[in-house]
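Across the two complexes that follow, chain A remains constant while its partner is chain B and subsequently chain C.
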Partner chain A sequence: MTAKKFWSWFAVFVAAFYFIVPLLATLEFSMRMRRGTYSFDAYRSVFADQRFVSTFSYSVVMALITIAIGALLIVPTAYWVRLRMPYLRPVVEFVTLLPLVVPAIVIIFGYLRLYNSSSWLPLTNTETGSNALLVFGFMTMSLPYMYRAVDTAMRTIDVAVLTEAAESLGASWPTILFRCIFPNVLTGVLSGAFITFAIAVGEFTMPSLLNRPAFGPYLALIGANKAYEPPALAMIAFAMTWVSIILINITTRLQKGAAGAR
Partner chain B sequence: MAATQPLLNRRLITDWLGIAPFAIFAIMFLIAPTVYLVSGAFLDPNGNLTLQNLIDLFQPNILAAYIISIKVSAASALGGAIIGFGLAAAISLGGLPSWLRSAVLTFCGVASNFAGVPLAFAFLSTLGRLGLVTIILRDVFGFNLYATGFNLLSFLGLTLTYMYFQIPLMVLIITPALDGLKREWSEAASVLGATTWQYWRMVVIPILWPSVFGTLLLLFANAFGAVATAVALTGSSLNIVPIVLFAQIRGDVLHNPNLGYAVAFGMVVITGISNFIYIWLRMRAERWQK
Partner chain C sequence: MSYLELSHVQKSFGIVKVVHDFNMSIEEGEFVSFLGPSGCGKTTVLRMIAGFESVTGGTITIGGVNQNGLKPNKRNIGMVFQAYALFPNMTVAENVAFGLKVAGASKAEIDARVKEMLDLIHLGHLADRYPYQMSGGQQQRVALARALANKPKVLLLDEPLSALDAKIRVSLREEIRLIQRKLGITTIFVTHDQEEALSISDRIVVMNAGIADQIGTPSDIYNKPSTRFVAGFVGTLNILEAKVENPDAATVRFAGRNMTIPPANLNGAGNGASITVALRPEALSLSKTPSSDVAIEGRVVSVNFLGSVIRTRMDVGGQQVSFDMFNNPGLQPPQIGEIATAHFNASDVLVIPN
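Showing the complex of A and B:
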């Protein structure tokens, strides 16, 4: 028993060493900017850079649009499949898992071929079109997580009974969807939303190949040209990931609580 | 009968109308782009059917890219799976305090998402030429890491870096499976006189192998499709498949668009096969997790 405990502690310590050393090294490196002493100059320089603010807010806006459109597409679909077309569930689930099979770089390659300036739908010609393609790309990447989260939340409510109750009270379809179904699966939508946010804000491949001024390509650009700002940015990104994971954990706990109360 | 027929049809039409937005989205932005690339892999520039593009994948520089990609993905998946399993077993079965368990799991949630460009920065600050570990090894232990031929922009460096998100992913997926091992099973085994080794060989491994092997494949596909870390870490100095494809999309470096489609097709085949086996094994494994 003590041997088992010893090896368990040993495993945790080895893993902690591997995981904490790069973080310490990154922190240390990011503070080396002023010669001979540690300082937060690199962080000051990062926050002072106009492009940091503009690319970051661009990515945040794109992520929020992705979440809004994604929720508006996924929730009614998951609802409809559960209510009216249960025989389609395996097909829909298969489609939502496809983005795990097809890497993001391949999907965006396909977009650039199908929707380029000489195609039938030249989305890449305009700024708005490229932004739309980026949003659709983010939606595709987050599809497996978003659909799963919403569908799991929907499992805990009786869709058919809720719909019949609302219908017999004279509710219209929009009322049923937005005042009955949406509030009931809100925790699922939220946990899907945080994952989408984490994916979209840091994503490099898609915005880079679409030439969008997003945060991921900006990070890569800084990495190629500066010395002390990249580790500072890595620490900031790590902190942001930490925040979104904590938010995901809180919403899943809420979801579990809601499911348990039923 | 004649009266119910149109009613049925109307219901069928609303059924399909309800699913139409999703269907249109999936076809336009997921299925059509993939099908376009895959079919392009089988066409020559004039639109005739050919297998030449797939044969051309075996030219030395593309083949080398596939081989090093597969090697990095396999090594980081294997390393991630072994270490991740050890860590998961420690927090699940090792009798450690419960705060440690939830701390490890939360940290794994963060680290498995800490990929892409920032991860490359972190490892450059650690094991790059001026990284903290490199400097400490040199100044304190008198050991010059880079004199041994080590390079972060290499097979070993990339594998070490990828393991930073592979290990946590393994922990997150395999811990529920380890938690699913019922205490009664180990008690029953020891009552029947089994040694610990026999219990693991005859009970634990047969139950867990679909989860472990399936997760291994998921980790493999995960590393194989990773673009951002590789690009940020190595620029384009290391010849791996995602970087080749990235450069090809940027500016037709292979001088043959259809060969580019074939490179993409090869990627889909490799990640596709490993993911399909993963999903299938996962369905098998879930029988024991109820």
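Showing the complex of A and C:
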């Protein structure tokens, strides 16, 4: 083995060690609820808790709404910027990157200041209003990932020529967008969707300050009061992330035509 | 009134004028090529006909209907792009059916038309393939079938062969011409390849810097170029400086020799006027033929083997003259440095307006 190869493998092992050991330790600890033997008692306890089901379901629904609205907002925006306003790209890129530098707590305090019960639009007065604010917050946080995923997918197709081809065949704008462009950037939309899902399900700050019954605050609550359930929940969350990544891969491979075209 | 009329069409992008006063009438069923170098405005004119660019001035009418202001999806114009532009998420059949579906045709109608179109391009067996599973030539044939499926009023081809290899280009251009003749569809073909334009067009528009320099049949364009640009751009040409010796007798002096050319070729140039004359390399020959009446002598400076033809360049009184001879293994081509004599007929001399 050459020195170069040795150091390459060494780097891989160090990285693997860094990632895998804490995971194995968490898994091992989550299975030690029953004294003297390994068991899945902590997982059973988590799944038996009604609050787990309700908070998780709530977060999933919020995540799905965020994904739907986010895709409807971002795909046409990215498409239009690419097609008609390429000069606006730097501005749009800058705006979409802002959530990475503005902490969630700042965003949510801004929302609360603007939409509190004594403001001109008191969204926090109702559950629906608070839920809407939460969705907007999730959308803002997922903006950097969703926009980039969609924009990268659009880079792989010639948006302008496909649009002109569809136009010359008599297609209207909605037809062009939903039948010619959207299916070809589905991989990007799905990648963005899964990242959005992971953000929405695990987010603590926003639902906590909006007082919404989401999965993030539930995780924090369990972590503060129990010993074995938090690592079990961490492993469940980790498994969900991996399932999301696998789903991205599968959808990328199964997407008709477009996969091969890339 | 012709079927497709472009009247005083102009296009500017900001302060840059890319098309100046373009006028042309195209008859129904005609195959017209726009030929010119990159940036000459040929694609811009095509895109204005398609509706992708608005006209800055002038009018475009198809079948007597003014197209100005009409959106591209309302014009019923078929277009084939250089980059194929097939929808990657759709199969060949779905691509061809797309326009028909948009137009609201019935399923039976769509199926029948898709089959007809795929049979026309001989790709019926690939109906279920996706674009990425096909070669460039096959994709472009599908793009052609898709553009024709809706029975468009005009077919526009924007350098459709540029991305293909040489052999496929030749076969596909013949196929395009065959299909165009069969369907009798009015077609505009944009290309920068003179051979393509000369081989398949009814008429050619040679464009230069946003102006139609010459509009004519391939034979006219090649044999009677009306400007120096056309003469230089279409085919290989010997461009030489000469002087009018006797305008009444149409005698000009070139390379120390007087020759009499057809009077009409002088274009009214007066006595002593400097003129530019042109000669196609194939008009010159090393051996004297019964029709050749002028001989010029020069030193051979290069000999290029081009396969079926050998192109020789010689220096004649400081001016470079090229001539072609068929490759004959039994015949020795001239050698570099030797003095050769080339013969030609004075009536083959073209006078290019300066």
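A few notes on this one:
Here is the rule we use: the second predicted complex is superposed on the first by the 224 of 262 C-alpha atoms of A that agree within 3 Å, B and C clash if a C-alpha of one lies under 4 Å from a C-alpha of the other, contacts with A are read in each partner's own complex, and residues count from 1 in each chain.
Here is the rule we use: a contact is a pair of C-beta atoms (placed from the backbone, for glycine too) under 8 Å apart; a residue touches a chain by one contact, two chains touch by 3 or more.
Small disclaimer: the values here were computed from a predicted structure and weren't measured.
By the touch criterion defined above, A:Val21 reaches chain B but does not reach chain C. Within the superposed three-chain model, A:Asp158 lies in touch with chain C and out of touch with chain B [touch as defined at top]. Using the contact criterion defined above for the overlaid structures, shared-chain residue A:Ala166 touches chain C, although it does not reach chain B.
Residue contacts after overlaying the shared chain place A:Asn184 against chain C, while chain B stays out of touching range. In the superposition on chain A, contact is made by A:Val102 with chain B only, not with chain C. By the document's definition of touching, neither partner reaches A:Leu247: not chain B, not chain C. Of the two partners chain B and chain C, more chain A residues are in touch with B.
No residue of chain A contacts both chain B in one complex and chain C in the other.
The residues of chain A lying in touch with chain B in their complex are 1, 4-5, 7-9, 11-12, 14-15, 18-19, 21-26, 28-30, 73-74, 76-77, 80-81, 84-85, 88, 92, 95, 97-114, 136-137, 139-140, 143, 198, 202-205, 209, 216, 219-220, 223-224, 230-231, 233-234, 237-238, 241-242, 244-246, 248-249.
By the touch criterion given at the top, residues 14-15, 18-19, 21-22, 25-26, 28-34, 36-37, 40, 83, 86-87, 89-91, 93-96, 100, 104, 106-107, 109-111, 113-114, 116-126, 130-133, 163-164, 167, 221, 224-225, 227-228, 231-232, 235, 242, 245-246, 249-250, 260, 264, 267-268, 271-272, 275-276, 279 of chain B touch chain A in their complex.
Contact residues of chain A toward chain C in the complex are 157-158, 161-162, 164-172, 175, 179-180, 183-184, 255-258, 260-261.
Only residues 50-52, 71-79, 81, 83, 85-91, 98-99, 102-103, 130-133, 143, 146-147, 150 of chain C touch chain A when the two sit together in their complex.
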